Amino acid sequence: MIAHSLKGAVFGPAARLHGATYVVDVEFRRPTLDADGIVVDIGLATKALHEVLADLNYRNLDEESSLSSVNTTTEVLARVVFDRMVRAIRRGSLGLGAREVESLRVTLQESHVAWAAFDGKIGEAAP
Amino acid sequence: MIAHSLKGAVFGPAARLHGATYVVDVEFRRPTLDADGIVVDIGLATKALHEVLADLNYRNLDEESSLSSVNTTTEVLARVVFDRMVRAIRRGSLGLGAREVESLRVTLQESHVAWAAFDGKIGEAAP
Amino acid sequence: MIAHSLKGAVFGPAARLHGATYVVDVEFRRPTLDADGIVVDIGLATKALHEVLADLNYRNLDEESSLSSVNTTTEVLARVVFDRMVRAIRRGSLGLGAREVESLRVTLQESHVAWAAFDGKIGEAAP
Amino acid sequence: MIAHSLKGAVFGPAARLHGATYVVDVEFRRPTLDADGIVVDIGLATKALHEVLADLNYRNLDEESSLSSVNTTTEVLARVVFDRMVRAIRRGSLGLGAREVESLRVTLQESHVAWAAFDGKIGEAAP
Amino acid sequence: MIAHSLKGAVFGPAARLHGATYVVDVEFRRPTLDADGIVVDIGLATKALHEVLADLNYRNLDEESSLSSVNTTTEVLARVVFDRMVRAIRRGSLGLGAREVESLRVTLQESHVAWAAFDGKIGEAAP
Amino acid sequence: MIAHSLKGAVFGPAARLHGATYVVDVEFRRPTLDADGIVVDIGLATKALHEVLADLNYRNLDEESSLSSVNTTTEVLARVVFDRMVRAIRRGSLGLGAREVESLRVTLQESHVAWAAFDGKIGEAAP
C-alpha cells in the first residue's frame, strides 16, 4: 500500500500524489526439485518476500531515496522486487536449496485488469 | 487509487501517508423487476459509479475538504460511495426505473483478504 | 452458453441476436444441519443443477417456448433457475433432507463485473 | 489443511480418510463504526483467526477429542470456527471495540464450487 | 458477448446456435521499458482493445463476412484478436513507444475452467 | 482431496498426517490448431483429467504403493498428473488430434497463495 506520483505527460491524473495497493506474487522456477521434493521452502520464501515488501509498504515512494532516480510505475516496482528477492536468495535467506532456482516471475497486481510482471533469470538481477 | 493517512494508534504504520487501490462493486436490490426485466440499466449504473469515483480517484484524500472531518478508512469510504450513489439515484442519473431500488451494498476491496462494505436501505443515505 | 436477443430501447446493441456464458451458483440455506451434518448432498445438488441448466444450455432462447413471454435478461434467467431448482427439491431430487432448505440464492455471473441473483424463500417459487 | 473421514452413506468415497484445504474468511458486522472509523482492528482479527485455525491446521480431525462427537463436514467446521471466534471476541482478543460486533459470517471454501458458511449473531455462539 | 454455431462432429450440442461471453485479456511484453518506465500506455491499450472487441461484440458471428471461412472457436477468436491488436500497434494507436512491444498473449476466458490463448511474436501476425 | 504426510525437517507441522484440496488445471499447447479450429476436444480432455484424478482423490497418499518412493508434495503431484495425462494422450484418450499437442502445464492450486506447476514437453514424460 504505497503513495506516489508519476512524472510524464502519459500519466495524466496519476501525476498527482495518489496511491495503490499491490498484491505481489513471486513464482520460482528450477529444472529439478530438491531432495525433499520442493522448489523452495514456501515458509522462508514468504518471509523473505514480506521483508522485501516491508521496506516499501505504507510509504510515500516519492520520498524513498533508493527510488529517487526512477518513475515508480508498476513495471519498475516489479523489477525492484525481483532484484531484492534475488539478493535474498543469494544471501541464503531462502535456504541453500533455493540457490538452484533459475528464474523468477514477480507480478504486482493492482486489480483484475491492471498488473505488471518482471520475468527473468537470476543472473539478470542487479548486483 | 488514492493516497491518505489514518489518525489513531490502532493504525500503526498506516498513520504515514500511503496509498490504496480499491476495486469498487455496487449491488442494487429491488423486490420486483422493471418492465424490461432488469434491476437497473447497467450502463447508466456503471457511468454513475465512475462519476462518483472520479471525485476520489488519483487523489490525496488528506487534502479533500469534503472528507476533512473523518478518517478515510475503507469502511468510511464505502459509506461515502453509498451516500453519493443514492444521490445519483435520487437525481435520476440511473433512470426513472432505478427509483424502485430498495437497498445497495457497496464493497471496496483492497485485496483478497481486506475489504469493507456498507449495506443499507436507500432511506439510510445522508441527504 | 446461450444465444438470445433482448427487446427494449434500454438494451441498445443487445437487441441484436448475441450470446452469453453464465457461471451459475446456487446457495442453499437452512437453520440447522441434517443428521449427517450437511445442508444438502452436494452431489445430488450439482446433478439437479446440471439437469436444470441442460434445458437452457447451447440454445437460442428466442426459440424456447417456455420463455416466449419474457425478456431473457440475466435477472429473469436467475429467477427461472430458482423456480426450477425449487421444483427439483419438491420432487425429491436432492434427497429428503433437502426439504428442510428454507431459501436459495441463485447467481448468474457473466463476468467479474456483470451478474444478477435471485434470492428468495422456497415458498416464493412459482408452482 | 486437515485430514478426516466422514461417517454416513451420503459421503461415498469421502468415508475414506482423505484431506481438504480450506480458505477461511470471516466477515464482521456492526451497525455503526467505532471512534476510529473501523469495524474491527484487522490486525487483531487476523491474529485471532490464525490462533483459532492453528488448533485445527495440519491435523487428522478424526483424532481430535473436541470434535469426536460430530462429523467434521465443512458446514460443521464453519460453526466450530464461528464459536471459537466469538469466544475470542468475548475474551477481548480483538480489542474492546470489537464487542460492538453484532454478527459474523464464517466461510470455509474448498474450491470455486464447494464451500459452506455459518452466518449468525454473536449471541448464538456456544458458550 | 457473441452468438455463433460451430461446424464439426466434435462440437456436439454446440453445433446449435448458442452464445458465449468472453473476458478478454491482453498481455504485452518487451525486453526493456520505455523512457517513462512503462510497457505500454494502459489507457491507449484499453481503448484499442475496446475498439477491436466492438467489431465482434453483441453479434451473431455466423453472419460476419470476415469470419465466414473459419470455425469461430475460442482458439480462433483469440488469434483474430491478436491479429487485430497487432494491426492497432502498427497503425500507432497505442503510441510510438508500443512499437517496441515484442510479443502478445491474448486470452479469451469463458469461465474458470474454459479458456484459450494465442501467444505469439508481433511478426507472426497476419498482415 | 487427499490426506498425506511429508517427510523432512523442512515441513514442520506438515510431517503430521493432514490433508489438502487441490484445484487442478491443465493447459495444452500446440503450434497450429486442428482442422476443427481447436487445440484439444475439451470434453475428452476433461474426462481424461477426471480419470487421472479419480486414482488420487479421497485417498491417504501415504498408503498408495505407486507413490511410496516419493514425498507427495504439491510439486511432485503436479509431475505425477503430467506423466499420467501424457500417457492418456499417447493412448488416444483425447482423440487422434491431441497427438499434435507439444507441451502441457499442470497446475495444482491449494489456495490463492500456494500452488505448484509442472510445465514440460510431451517428450519429457516418464514412459
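Here are a few things to note about the model shown:
The chains carry the letters A, B, C, D, E and F, assigned in the order they are written, with residues numbered from 1 in each.
We take it that a contact is a pair of C-beta atoms (placed from the backbone, for glycine too) under 8 Å apart; a residue touches a chain by one contact, two chains touch by 3 or more.
Values in this document were obtained by computation on a predicted structure and should not be read as measured data.
For the pair chain B and chain E, chains touching both partners: A, C.
Chains that touch both chain A and chain F are the following: E.
Taking shared numbers over all numbers used, the chain A to chain E interface scores under half, which places it in the different class.
The contact pattern of A-F recurs in C-D, the pair among D-F, C-E or C-D where over half of the contact pairs coincide by residue number.
For the interfaces E-F and D-F, the C-beta contact count is higher for D-F. Annotation: 31 Å between the Cα-based centres of chain A and chain B.
Inter-chain centre distance (chain B to chain F, centres taken as mean C-alpha positions): 43 Å. Here the CA centre of chain B is 29 Å from the CA centre of chain D.
For chain F, the set of residues that touch two or more other chains comprises 112.
Viewed as a network of touching protein chains, the structure does not reduce to a path, ring, star or complete graph.
Contact between chains, per the stated criterion, is found for A-B, A-E, A-F, B-C, B-D, C-D, C-E, D-F, E-F. Interface of chain F with chain D (complex): residues 1-4, 13-14, 16-23, 57-60, 110-112.
The touching residues of chain A, when paired with chain E in their complex, are 6, 8, 10-12, 70-73, 75-76, 113-114, 116. Put simply, chain F touches chain E in their complex at residues 25, 33, 35-39, 41-43, 46, 95.
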